[in-house]
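Note that subunit A is present in both complexes that follow, paired respectively with subunit B and with subunit C.
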Partner chain A sequence: MKHSISIFWRLKDNHYKIYVTKCGDCGRVAPLKRLKCPYCGSRNVEHIESRGFGELINYTVSYYRTEGSEQYLPRVVGLVKLDEGPVIIGEITDVDLNELSIGTRVEAVLRKYSSEDPNGLIYYGLKFIPVIKK
Partner chain B sequence: MKTYVVGSGVTKVDRHYDKNYLVLIDEAVGKTLANSGLDASDIEYLVVSTAFSESILNQADPSTYIAQNLGFRNVKALTVSSGEVSGAVALDYAHALIRSGKASRVLVVGFEKMSEYPSWVINRVYAKILEYEVEGIKNVAPSDYAALIMNDYMRRYGVSRESIIKWSIKMHENAVKTPHAQLQFTISADSLSKALRISEPLTMLDSHPTSDGAAALLLVNESVAKKAGTTPIELVDVESSVNLPIYLRDDLTYFSATAAAYKRLSSRNGVKLTTNTAVNVYDTYDIYGLLTIEALEICARGEAVKCVDEMPYLNVGGGLKARGHPVGATPLYQVHELRELMSGTSWIKYDGDISLAHAMSGPDNNAWLILLRGWV
Partner chain C sequence: MTSSRFRVGIVGWGAYIPVYRIKAKEIARQWGFDDRVTDSIWIEEKAVAGADEDTVTMGWYAARSALLRAGVNPGDIGAVFVGTESKPYAVKPSSTIIADALGISAKKLSTDLEFACRAGSEGIRISVSLVESGAVRYGLAIGSDTAQANPGDVLELTASSGAAAYLVGPADESVAVFESLVTYVTDTPDFWRRDGSRYPAHGEGFTGEPAYFHHIVSAVKMLMNESGLKPSDFDYAVFHQPNGKFPLQVGRMLGFPREKVLPGIVTPWIGNTYNASALLGLAKILENSKPGQRILVAPFGSGAGADAISVLVTDKVLERVGKAPTVEELIARKKYISYAEYAKFRNLIHRNLW
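Then we have the complex of A and B:
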């Protein structure tokens, strides 16, 4: 699938990094850099960069095939509750399905989202892997 | 000014490899006009609904070409595209035209051609119902969300995976009795373990098929309705609401947009749905059907599986699950099925005064309700 280079460039803070938006009025925290608080609509928001760590709270093993996705199937898609509070949707990668469970600690890493074709552009973004114990 | 449905027609939902969208629409419109007693020259507005004609057919504003090819002269033509609720939005627009007095005869046509490409191409198109810059770019699929919601529902209410499939079993039983339904065969819970996985624990048995189809409804004002050749059904009211994206919701198992729209609709019109009310709801995935009848306050939360057997007029056409989901046309199929039910031409007899169609894009991202009442 082809993506616009300018769209990807514009979205760099939401796909090469993880930001959260903290509302100065209602106090709630939402994932991504946002113009306004999605809960109360306030513009009084602060953008905070997440450390990229969190806990897997729900996931599915997905076989949904789309053009260009064949080599990545099955994929694990899950909801990660970031340490900063909000929940983010993302792919969990480099993981043994038998060892994955709800509650697994995960961290964000840069991985390939998709590519146009063998000679085309490669699109990168953040996915999650189980936290590497040091 | 009140709005009435005086004609409706649909094609069989199927993979129509041999027919283009114009042929399908011509069939649906022909049936609609034939049973309304009006003809094409009577139509003032042609409101066309499609979700994916630009993506799949490379066709912007198909209403122009439908009018040009199907003999509508001097008609005002426009296209409505609003994801999976396109058909409901088109009906709301037509309803507003009639109510305001701006038009007295509006033909609403919905269609979709989902079988023009292999499934892995169409899957990408269908995923456009989610937010591209957040979800689409990461290849998150609509079925992934249905799976996450099903996981939460089973955990929260102790509902078994096997019991959820009761919804799909009932939909297939209804589809067998519905001539225009796509999947006219029964299924059993035994097939679940062998069914193709989509997004675990979701399988093909839980999901809508890939569908082509066209449907048309003729909406008119009261004076035209009184002269119609058939018993009109009143389109009483339309209501809708928007939810937060899944990852911002505190509770995945509550369709709050559907619930909010229902509360407003119910209060404004003094109606309350029960297990004996005819409802035609979006069951893109069976778990969505269950959550919808809970949000519509027909069943208590966590109890929908038990309700399914107590609802004789639930998705009598087989739902999206088995009638099929020709996306831009689906809400029109729903209203057509309710019209047949309320006018006594369905496979089941219905004595209720009202019925409700429910449509939504994605998992309750944008929910719409259409309230119908029999002729009084």
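Then we have the complex of A and C:
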């Protein structure tokens, strides 16, 4: 996968951390950093860094091939319900396809997103693995 | 260069071992070694980093565990060092990527260090000096490697992947305080990798006696002479572990009984993690230690040099062990892979990329 160096760098904080937005009025928690609560529209919101733990609530397996991506295939893309409440999309790594099961506790870890070009930049960001400390 | 220090200690520590393992005997069979060679150096299996792992990602995990155990504000960390001989970039620091991903302030010293397998412990020594001088409140020293070995070389039986991290800070916040630190280095041609070369080479006759044994024995004797400590004063001794046999042998040479060396040995089950090797052994000991116990740790790096460090465990260790995965939990978590999968993960297969 080819990335734009400048876009990736500008979004670095969102690749290295998981943020959620907590509404000071309705109390609900939404994924990502938001200026307004998506549920009640309030601007009384707080950005919180997620601890990065959650539960796998569904997943799909992608065999989609792009040049140079073969080393990482197949990719498992999961829906993770964070302990803070919101559901986010994330890649699940270090898993065998026959072992994958909904309900697995997962934790966010820093991994390579892509590094195919030996002369290019290595793109790092968070993925999920089954929790190490049970 | 000696100093006695009771003002600085280990505030937090962390470990990381990839989930994948390959049996040493499978590698031996792949390349036509006598099966008994793995027993002769005591290596059962080694840890293999996955395709999306490298020195940065493993170092990040170990460092994050160190911060979780320490419970400090990342903004108070004034120095980050990564000791490695498998930098993902020849030019671009690994330490800045790890620091940014952990939320450590931009106001810091930050660099990658290279001294074969002991650059991580050099990072600890520098951090101790920085904390003691008051230049920084906390210094983070990481040892992380996806160790390279030429396929078919005997080194391939052991060269593995893993990371360890130590947050160095004030003694009154520490799980173990630094009592004495010495380093012994010389120019020795035991192991090297030329610029642009994919795999290291080793000077056959040099790796044992004139390199590993001479430097560790010299460093530990220097520490004993200058501190007045004896082997009987230590509860544990941890040495660099290129295989399972060498640390037991060097322990014997220095007068440490087997039962003080065995608890810190990790290499037979995860391989030689290079910069993390002795530091993972120390982490395992800390996780099982009792307040008041004294630990000797002696990392070694080719080229060559060894450190000898004496630490005294404090009562804070007990409350912090459970805050992150332990070395024993990381060793127990494993999935076996074939030589073909290992070759794919470690980029040993030549492909046209574009």
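One rule holds in what follows: the second predicted complex is superposed on the first by the 122 of 134 C-alpha atoms of A that agree within 3 Å, B and C clash if a C-alpha of one lies under 4 Å from a C-alpha of the other, contacts with A are read in each partner's own complex, and residues count from 1 in each chain.
Keep in mind that, in the parts below, contacts are C-beta pairs under 8 Å (C-beta built on N, C-alpha and C of every residue); 3 or more make two chains touch, one makes a residue touch a chain.
Owing to the predicted nature of the structure, the values given are computational and were not obtained by experimental measurement.
Asks: Once the shared chain is lined up, is A:A30 touching subunit B (first), subunit C (second), both, or neither of them?
Replies: first
Asks: Hey, is it subunit B or subunit C that touches more of subunit A?
Replies: Of subunit B and subunit C, more residues of subunit A lie in contact with B.
Asks: Return first, second, both or neither, reflecting whether A:E67 touches subunit B, subunit C, both chains, or no partner chain.
Replies: both
Asks: Going by the contact rule set out at the top, does A:P38 touch subunit B (first), subunit C (second), both, or neither?
Replies: first
Asks: Applying the document's definition of touch, where does A:N58 land relative to subunit B and subunit C: first, second, both, or neither?
Replies: first
Asks: Could you look at A:L79 and tell me whether it touches subunit B, subunit C, both or neither (first, second, both, neither)?
Replies: Touch status of A:L79: first partner only.
Asks: Touching A:V109, do we find subunit B (first), subunit C (second), both, or neither?
Replies: In the superposition, A:V109 touches subunit C alone.
Asks: Could you look at A:K22 and tell me whether it touches subunit B, subunit C, both or neither (first, second, both, neither)?
Replies: Touch partners of A:K22: none, neither subunit B nor subunit C.
Asks: Between subunit B and subunit C, whom does A:P118 touch in the aligned arrangement: first, second, both, or neither?
Replies: second
Asks: Residues on subunit A in contact with subunit B in one complex and with subunit C in the other?
Replies: Residues common to the subunit A contacts of subunit C and of subunit B are 67, 70, 72, 113, listed in rising order.
Asks: Report the residues of subunit C in contact with subunit A in the complex, numbered from low to high.
Replies: 19, 50-54, 56-57, 60-61, 88-89, 97, 100-101, 103, 324-325, 329-330, 333, 335, 344-345, 347, 351, 353-354
Asks: Which of the residues in subunit B end up touching subunit A in this complex?
Replies: Going by the criterion above, the answer is residues 119-121, 123-124, 127, 133-135, 137-141, 143-144, 147-148, 151-152, 196-202, 244-248, 252.
Asks: Could you list, by residue number, the parts of subunit A that touch subunit C in their complex?
Replies: 12, 16-17, 49, 67-68, 70-72, 93-94, 96, 109-113, 115-118, 122, 124, 127, 129, 132-133
Asks: Quick check on the complex: what are the subunit A residues that touch subunit B?
Replies: That would be residues 1, 3, 7-8, 11, 14-15, 30-32, 38-39, 58-67, 69-70, 72, 75, 77-79, 86-91, 113-114, 123, 125 of subunit A.
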